[in-house]
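Look for subunit A in each of the two complexes below; its partner is subunit B in the first and subunit C in the second.
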Partner chain A sequence: MRIDKGQISTKKFIFSIICYIQASAMLTSFITAIVYQDSWLVILFGMIVCVPLIWLFNSLMVAFPDMNLIQILNKVYGPVAGKVIGAGYIWFFLTLSSLNLMDLGDFTKLTFMDEMPLLVLALMCVIVTSMVVRKGIKAVAWYSSMFVVVAVAILVISILLLLNQMHYENFLPTLHLSVLDYVQGTHIILTIPFGELVAFLMITPNVKISRENNRKHLFTGFIVGGLTILFAVVRDVAVLGNTIDMFTLPSLVVIRLVRLGEALSRMEILFAIVLIILLFFKIVFLQYVTVIALAQLFNITSFRYLALSVGALMVAYGMTLYPNVVVHAASGREIIPFLWTLFEILIPLLTFIIAKARKLPGKKEAR
Partner chain B sequence: MIAKTGKIRVLACAALLPALMAFLSGCWDEHELNELFFVTGIALDAASDPDKIDIALEIEQLQSDKSNGSSSTQTTSSQGSDAILLKAERETVEEGIGEIDINSTRRIFIHHNQVLLVGIELAEQGLENNLDLFTRNTEARADVPLLIVDGRADKLLSIDVEQETIAGVYVARVSDRQSTISEYYKVRILDFISKYIDGTTAPVIPVIKLVNKNNKDEIEFSGMAVFIGGKMIGRLSDDETLGYIWAMGGVSGSVVTARSDSMTASLYITSLNVNREITVRQDGGVSVKLAVNASLEIKELIEFDAIPVKELIPILTDMVQKAIADRIINTFEAVREMDADIYGYGVDIHRKYPNEWDSGNMKERWPELFSDIDFKVSVKAAIPTTGKAIQSMEMEEYNGEN
Partner chain C sequence: MFYVLVGFSFIVLIDIVPIIKRRSWRSLAALLLVFIPALAFALLLVTGVEVPSSLKFLGDVLKSLGLSY
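Right after this comes the complex of A and B.
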């Protein structure tokens, strides 16, 4: 039973992946506090280590082309265990949505609306995201290509305008920290944001792709998105040097330093706008997959009516998750990567192994 | 049924739209221009109470305010200036700004602050505790130039400068112009913090002072202050500052005066670049070799009458190479005595020899290693042009002797 019968093109699929990864640009402060000037290396390591993971997601998408993740779990683990694990994934997607909603609120308060209550910001965002989610996957992915183009354009412009403030010596010394720091940093990058692409398994039935081309599209989106984050971090390290770990949002501080005459200065608002629209997309997408997962699990044919309820739950959950930004950041470095490893790596891997062992799906269901 | 659903949708949109427009456009964060005091300069000085600091905010007065004659408490304003000064004496900078804010008719807005001035007495006590606001506060900007005032910083902000209407803007613009000569003339708050965090680099900050010329106070740049551990420990004179700038390289637009016997030549540096070679010696010490490449233009020649035109360039080249090298070496010797690594040579060693840096405890021993540096400078100057004139009027050929 397909909950949302809407379909998106391969182009929208690729841009949605890129947009999703780009939205995690503000989370690079999790790793800069650990690996400092080697942050760019850790992102590169994370991308390399993530390749088998992307291949795993691709394999599941190709093996079960007409099933979303909840359906795959039901098929592979059976109705009872599948539903239990599915409920776990609903919690996972809901937590991701709430965390990103709070990130959007915190970021907006940090940049230009510092007096606005976080609750009002979150509610306003959720009202708009719920309206989009109600329209289905087509509306969710509609503007992904435009968002990506704007984000990449601003990244390129910022790099060009900051060339005179970049010092290559800021990357030195390289590979001089302890191995554990690099492992920790790579693990964080692997789980936040690359591993979160597991959410795209929820929209497998809604994408018009063939078995042959699926891998190409998934990897294209992953590589372009990863490279965007890589270039952003390279820019930040080159400009900020040893002060990069001081700031919650290094990219914001870097963009503030742009100064070419009086006209081309104070451009941080561009970064703020881009990050807000990217985060908005990520929240919409995650809210959508949460709604679809809930509808799938409880056999609800019309998912539209769940959108606002899930939105309200996101706000309430997000407001109570962490007491402050410091605890959130510490959790992002020390706890979340281990928790997310279960949902992003272990369960999909186990699912793949069991599916292969049981020779699932049957011949009729394979494309 | 369909008509009823459509009607509900229209009503829902009509109810939602005003709420979204109001809240998302910043209902709580609306700030009208006439409700803000735009800070153009911040001055920090040591207070009479050792536990407190004096905070002064230079506020730009809008034209309409000047004509209305609006003012607030504790203000000073000099005639002709477009700024007023609001002051407070508190334990922290944020407390001071807060006190000024609640006693003002408008909200203090520091987003457009142009410059941060620190009085020399406060600089000698230590800067590190007074800069946290400028990296943490969302309105404050870490790219604001930082300068030390030889005297009271608030006094400098209150004077009437002829070239600009606001002293803070004047200082910021002069600092910007100097940075076109060399980026090391302008020290931003972020640059100071970066060098402070290094642990081995001694940050330097330009010094400005008030001088009385023709019964008028004017602002003059006067060398640089040297800091160790956040406290000012010494000063570089104007000549030593030039030696520091040249040693760092990337200079365009500086002037070098070379002298030999009675001859004096002023040359304009069109470009000066430095190639640093920093190595660890076999005895564990450090060796620094600077290879300076400079391109210059002749601007002025005095007492060169005995020099044939053909020999002018080689002689001038030797003179200017010696002048540049001497100045760089003199500055190095001056900071060597202070044990102040203003050049960042320790950071270079850390980057190039990270294992030796850690295993040899070089960071802890850096002051001792710095004072023992084997410092060599080689200068290669090129003078491709003599300006509009090939020879001066006093030279042999012009006198018709050839």
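Right after this comes the complex of A and C.
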């Protein structure tokens, strides 16, 4: 049973992936505080290590083209265990939505509205996201291409305008930290922006995609999204060097340094607007995925009625997660990579192995 | 407290009443599964009760297992 009958094109699918990864640009501070000027190397390692993971997600999408993740779990583990694991994924998607919502609120407070209560900002955002989610996947993915174009344009312009402030020496010394630091950085980048692509397994039935061409779309989105994060970090390191760990938002600080006369200064406002737009997209997508997962678990098609309540829970639950940004960042560096590994790597891998062993899906079910 | 109750009353009017009218009990169960915790969390927050963080709890569990950096 397909919950949302709407379908998106492969182009929108790719742009949604890029947009989703780019929205994590704010979280690069999780790694810059550990590997300093080698952050770009860690992102590169993370992208390479992530290739088998993307292959795994792709294989599940190709094997079960008409099923979302919750349906796959039901099929592979049976109705009881499948529903228990499915409930775990609902918690995972809800927590991701809430964390991103709180990030958006904190960032908006930091850049635009420092006296506005976080609760009000989160509520305003959730009212709009709920309206989008009620319209279905088409509305969710509609503006992804525009968001990506704007974000890439700002990135390219900022790199060009900062060329005179970039110094090759800022990348040195390279590979001078302990191996554990690089492992930790790679683990963070693998689980926090890239591994979160597991959410896209929830929209497999809504993508107009052929079985043969499926592989390249997820990879294209992942590579383009990953490269934009990589270029943003290379730009930040080239300008800030090993002082990059001093800032919670290095990109904002770097773009603030653009100064070409009086006309072209204070450009960080553009970056702030783009980041808010990207985070908004990610929240909408994650809220949609949470709603669909919940509807799938209860086997209902009227998912629209769940959007507002899930939104309300995202706000109320999000307010309880972390008392402040510092605790959030510490948890993101030390604990979250291990916790997310379960949902992003271990369960999908186990599901794939069991599906292969049980020869699932059967020939009749395969498209 | 007043604003929280007004906000949740809107959700009842917009989403719960139509579901009850359609007698879609499965949909109602799914909705209440998120509506009740949302209302409970919101009421606890506005009354100043400190709600324990689920991520902090899971973090402590993982730390006790040696799974942290």
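What we mean here is this: the second predicted complex is superposed on the first by the 367 of 367 C-alpha atoms of A that agree within 3 Å, B and C clash if a C-alpha of one lies under 4 Å from a C-alpha of the other, contacts with A are read in each partner's own complex, and residues count from 1 in each chain.
Just so we're on the same page, a residue touches a chain if its C-beta (ideal position, glycine included) is under 8 Å from a C-beta of that chain, and two chains touch if they have at least 3 such contacts.
Everything numeric here is computed off the predicted structure, so don't read it as measured data.
Trainee: Once subunit A from each complex is brought into register, does subunit C clash with subunit B or fit beside it?
Mentor: After superposition on subunit A, which the two structures share, subunit B sits beside subunit C with no clash.
Trainee: Rounding to a multiple of 10°, what is the angle at subunit A's Cα centre between the Cα centres of subunit B and subunit C in the superposition?
Mentor: Reported to the nearest 10, the angle reads 110 degrees.
Trainee: Classify the contacts of A:R256 with the two partner chains as first (subunit B alone), second (subunit C alone), both, or neither.
Mentor: first
Trainee: After superposition on the shared chain, which partner residues are touched by A:T320: those of subunit B (first), subunit C (second), both, or neither?
Mentor: second
Trainee: Any idea whether subunit B or subunit C touches more of subunit A?
Mentor: The partner that reaches more residues of subunit A in the superposed model: C.
Trainee: Can A:L172 be said to touch subunit B (first), subunit C (second), both, or neither?
Mentor: Only subunit B is touched by A:L172; subunit C is not.
Trainee: Does subunit B (first) or subunit C (second) touch A:S302, or do both, or does neither?
Mentor: A:S302 sits against subunit C, while subunit B stays out of touch.
Trainee: Regarding the shared-chain residue A:L294, is it in contact with subunit B (first), subunit C (second), both, or neither?
Mentor: second
Trainee: Looking at the overlay, does A:V128 come into contact with subunit B only (first), subunit C only (second), both, or neither?
Mentor: Touch partner of A:V128: subunit B, not subunit C.
Trainee: Mind working out whether A:V120 is in touch with subunit B, subunit C, both or neither, as first, second, both or neither?
Mentor: first
Trainee: So, does A:V310 touch the first partner subunit B, the second partner subunit C, both, or neither?
Mentor: The answer is second: A:V310 touches subunit C but not subunit B.
Trainee: So after superposition, what is the minimum Cα distance from subunit B to subunit C, given in Å?
Mentor: Comparing every C-alpha of subunit B with every C-alpha of subunit C, the smallest gap is 9 Å.
Trainee: Could you tell me which stretches of subunit A are touched by subunit B in one complex and by subunit C in the other?
Mentor: none
Trainee: Within their complex, state which residues of subunit A touch subunit C.
Mentor: 95, 123, 180, 184, 187, 294-295, 297-300, 302, 305-306, 308-310, 312-313, 315-317, 319-322, 331, 333-339
Trainee: Which residues of subunit C touch subunit A in the complex?
Mentor: So the residues of subunit C in touch with subunit A come to 7-8, 11, 14-16, 18-19, 22, 24, 26-27, 29-31, 33-35, 37-39, 41-42, 45, 51-56, 58-59, 62-63, 67-69.
Trainee: Can you list the subunit B residues touching subunit A in their complex?
Mentor: 16, 19-20, 23-24, 26-29, 135, 138, 141-143, 190, 193-194, 197-198, 348, 350-352, 354
Trainee: Quick one: in the complex, what on subunit A touches subunit B?
Mentor: 110-117, 120, 124, 127-128, 169, 172-173, 176, 240-243, 246-247, 253, 256-257, 259
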